[in-house]
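Two complexes come next, and they have one chain in common, chain A, joined by chain B in the first and chain C in the second.
Here is the complex of A and B:
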């Protein structure tokens, strides 16, 4: 089996992360219940004629894919695989609203065409004229990891040499209202410095995209080796430690050998205990980092966790703003990412220095 | 008539998300497709729906659109003559 490398990364998030030359140097402070992605200059990347039909999620995905492709130094890929939990919400809401408002008459084509879950992957393929494998995984909080696993398997078996893989979510007004009604969004505004110790239910919701070029050939730009990806739809809280130890054992590692663990804490008082039991248990002596206080919660935000892990491995630095504890490992060789959402759809991603 | 033409220009800009285009940028005789505003077949479908919804004009033959959507002037003339609302 061939090894798999993350050769480039790109992130558009509520922080200024689209510039790969910096690493969370400037932090945008939020005190809100919903936070939006910071826009790069889309016109630099997308012709106006194409951009006019694209909602924010599509623009973010197309631009992030272009940044990732440019950094990897390649023109095309053997597969484009995306993950999205909610798909293109803005156009979906527009289309459904039009059906209701116009009594199922006068349905316009644009919002329908742009509302499918595969729209982002499709637009990327159209832009680079790539007729290769094109697939979108829609599986709640493990949508991105499902896409990553598909890419990894194709690369390991040499069915593909370079794969563009990413996750994307955009905020839709109506969907946000619904999430508020069911208390999945925090009832009160939370400052980023207070998210970790928040004592209320729900999360600060957000949008964003993260793309990666993964290859079975190590490039000069390489960030990390992608060693393992595993997902679990259901996992009891008391089984998480054991599951992680088994996952590590399968990769010839022990918990003590993990240099950095990237947790998906979102400040939800009902579910952060999934992480807290690890930070106080088998990973208590490991450098722990988190990121959802900076970029919020959405179905594919765990891809930001992989972005963060990749950056840490390549730069061998950990920004103070993401540290939960202060172990400060001198040589960072192995990083484990663990995420879950509302006690379901758990994922483990293991990366190594390349 | 000139009011209808201004209304049409505003609707075309809004409906088709023509960023960076203002009503003043569209001349009455500018071609909407091809070298003019550069609209395409998806835009044509949007305009057909707009005619039906806002002016009560249902095009039975989509090919008619090619002629009707030639310019704002031609569209306005057609709407003036056929509108039911």
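Here is the complex of A and C:
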């Protein structure tokens, strides 16, 4: 079985993360309940006429995939695999509301065409003229991890050498509005420094995209070795510690050997206890970091966790702004990412220094 | 590499039957399930024909014995019914005995409830429970809940009309890699105003019975359905003394990279997908005994697919047919529906007719099988193609 490496990364998020030469050097402060992705200069990557037809998610996905490809120094891949929990919300909303508002009349196909979940992967393939394997996973908070696992299996068995993997999510106005009604969004604005201890229910909703080139060959640009990915549709709170210990054991590790753990805390008073029991328990002596205060919550934001872990491993630095505690490990060799959303769809991603 | 993955159970609900036996009976008796739409309120009713499961949502809720406060979308309910039949038919009594996961395909997800309650969500509290069931993965979570599959790998694929074929592909990979011992693979999609109007704007809906591979084809009939197959490792097959229905022998996925919704004239993506599937199966084109074509009856698909089939099979073309004239195009579920039909074909050594065909296409001379035909079948190739250039082919075989 071949080893799998993350050879490049790309992130478009509510922080200025699209420039790979910096690492959360300057933080955009938010005090809100919904935060949007910061736009890179799209026209550097997409002809303006084409960009005008694309909803934000498609634009972000296409651009992030190009940044990742550039950094990996490759022209094409053996597979394009994306994850998106909610899909192309903007076009979906446009088409549904047009159906209702006009009583199924005077409709045009553009928004329908762009509403399918695999639009981003399809557009990337079109742009790259890549006829390879093309998949899109749409399973809530584990959409990205499903894509990552698929890529990993193909690379390990040498069915593919390079795979472009990414997660993408865009905010839709109506979807945001209805999620407020069911308290999935925080009731009041919260500053990024207060998210972790906000003690209110719901999360700060967001959008963004993260892409990676993963390969079974270690490139100069390598960030990390992708050791293991595991997802769980359900997991009782009481069983999380045990599950993590089993997962680590399968990878010949103990909790004490984890140098950094990346948690998916989003400040939701009802669900952060999934992580807090670990901070106080089996991972209490481990350096803990989190990121959702900076980039918000969305179905594929856990890919930002993998982005953060990759950056930490490559640069061997941990920005102060993401630290939960202060262990400050000197040599960072092993990073574990744990995420769940509203108590469901848990994921574990294990990375090592390459 | 060429060793097939065992299929030990299957379940289906479609416009031509509520279980595997009913579907088979309709297939061999040439009974199609294409009618006017009854369960979706749409002004397009008189202009389109659909392949509809005739149960109302309340009837489906009753069948599944769901509590009144449930928030199951129609997709989830159709999926749960087919998934339960699949598990029962495999003879599985203890789901937790082996590491079991689910891979499902859907394109509509919970859109049926979203479009019904879109603005009502803002004011009517009683509908708000469905907000959480909109996203595509929810239907799969619900199926897992119905089967009591917990703490496991449960995921969803959405590659438009090739979703379920891709779910079968991933499932086979998960067994091969040892990630899972057993996996339920398939797909579910219900009819919705969203897809009815979407395909209408693309002007690819027929106003009458769809006629795959016919020169005068007028487009597709949308359908709704769900189907699941149980894939199990050789260890389980041996330990549990399972009856193997057929094997997933090969699979291929490629992207046409031509247009967001249209297939290339020469069917590049489809050709690549079939080539890859043959390679994984270690079979020559001449060793394929029947092709269950995607055959949606749109001008574009049937021409592109026909050319791709010719590119692969040339002079050695086996019988081929599309079963879309029976069921309509069931979108993300189609690959699973036709997987069940492919297995039925293998089990019964029968080729299902391509109904409604009259006039050969002028672009080529190939003609689908139009009558039920008995033939000893060892292998069946099933095609599924979708928006976004997604092309998939899966090969099923009688022997491992």
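FYI, the second predicted complex is superposed on the first by the 354 of 354 C-alpha atoms of A that agree within 3 Å, B and C clash if a C-alpha of one lies under 4 Å from a C-alpha of the other, contacts with A are read in each partner's own complex, and residues count from 1 in each chain.
Note that a contact is a pair of C-beta atoms (placed from the backbone, for glycine too) under 8 Å apart; a residue touches a chain by one contact, two chains touch by 3 or more.
Note that this is a predicted model, so its numbers are computed, not measured.
*Asks:* Now for A:51: first (chain B), second (chain C), both, or neither, which partner does it touch?
*Replies:* In the superposition, A:51 contacts chain B only.
*Asks:* State whether A:107 touches chain B only (first), chain C only (second), both chains, or neither.
*Replies:* Once the two structures are laid over each other on A, A:107 reaches both partners.
*Asks:* After superposition on the shared chain, which partner residues are touched by A:95: those of chain B (first), chain C (second), both, or neither?
*Replies:* In the superposition, A:95 contacts chain C only.
*Asks:* Would you mind listing the overlap between the chain B footprint and the chain C footprint on chain A?
*Replies:* Chain A residues touching both partners: 105, 107-109, 113.
*Asks:* Going by the contact rule at the top, pick out the chain C residues touching chain A in the complex.
*Replies:* Interface residues on chain C, with respect to chain A: 42-44, 102, 106-107, 109, 111, 114-115, 118-119, 121-122, 128, 131-132, 134-138, 140-141, 144, 149-160, 166, 170, 173-174, 176-177, 179, 193-194, 197-198, 200-202, 253-261, 268-269, 272, 386-390.
*Asks:* Which part of chain B faces chain A closely enough to touch in the complex?
*Replies:* Residues 15-20, 38, 42, 45-46, 49, 52-53 of chain B touch chain A in their complex.
*Asks:* Of all residues in chain A, which touch chain C in the complex?
*Replies:* 80, 85-87, 92, 95-97, 99-100, 103-105, 107-109, 112-119, 121-123, 125-126, 128-140, 142-143, 146, 149-150, 153-154, 156-157, 174-175, 177-179, 181-182, 230-235, 239, 243, 299, 344-345
*Asks:* For the complex, give me every residue of chain A touching chain B.
*Replies:* Touch residues, chain A against chain B: 48-49, 51-53, 102, 105-110, 113.
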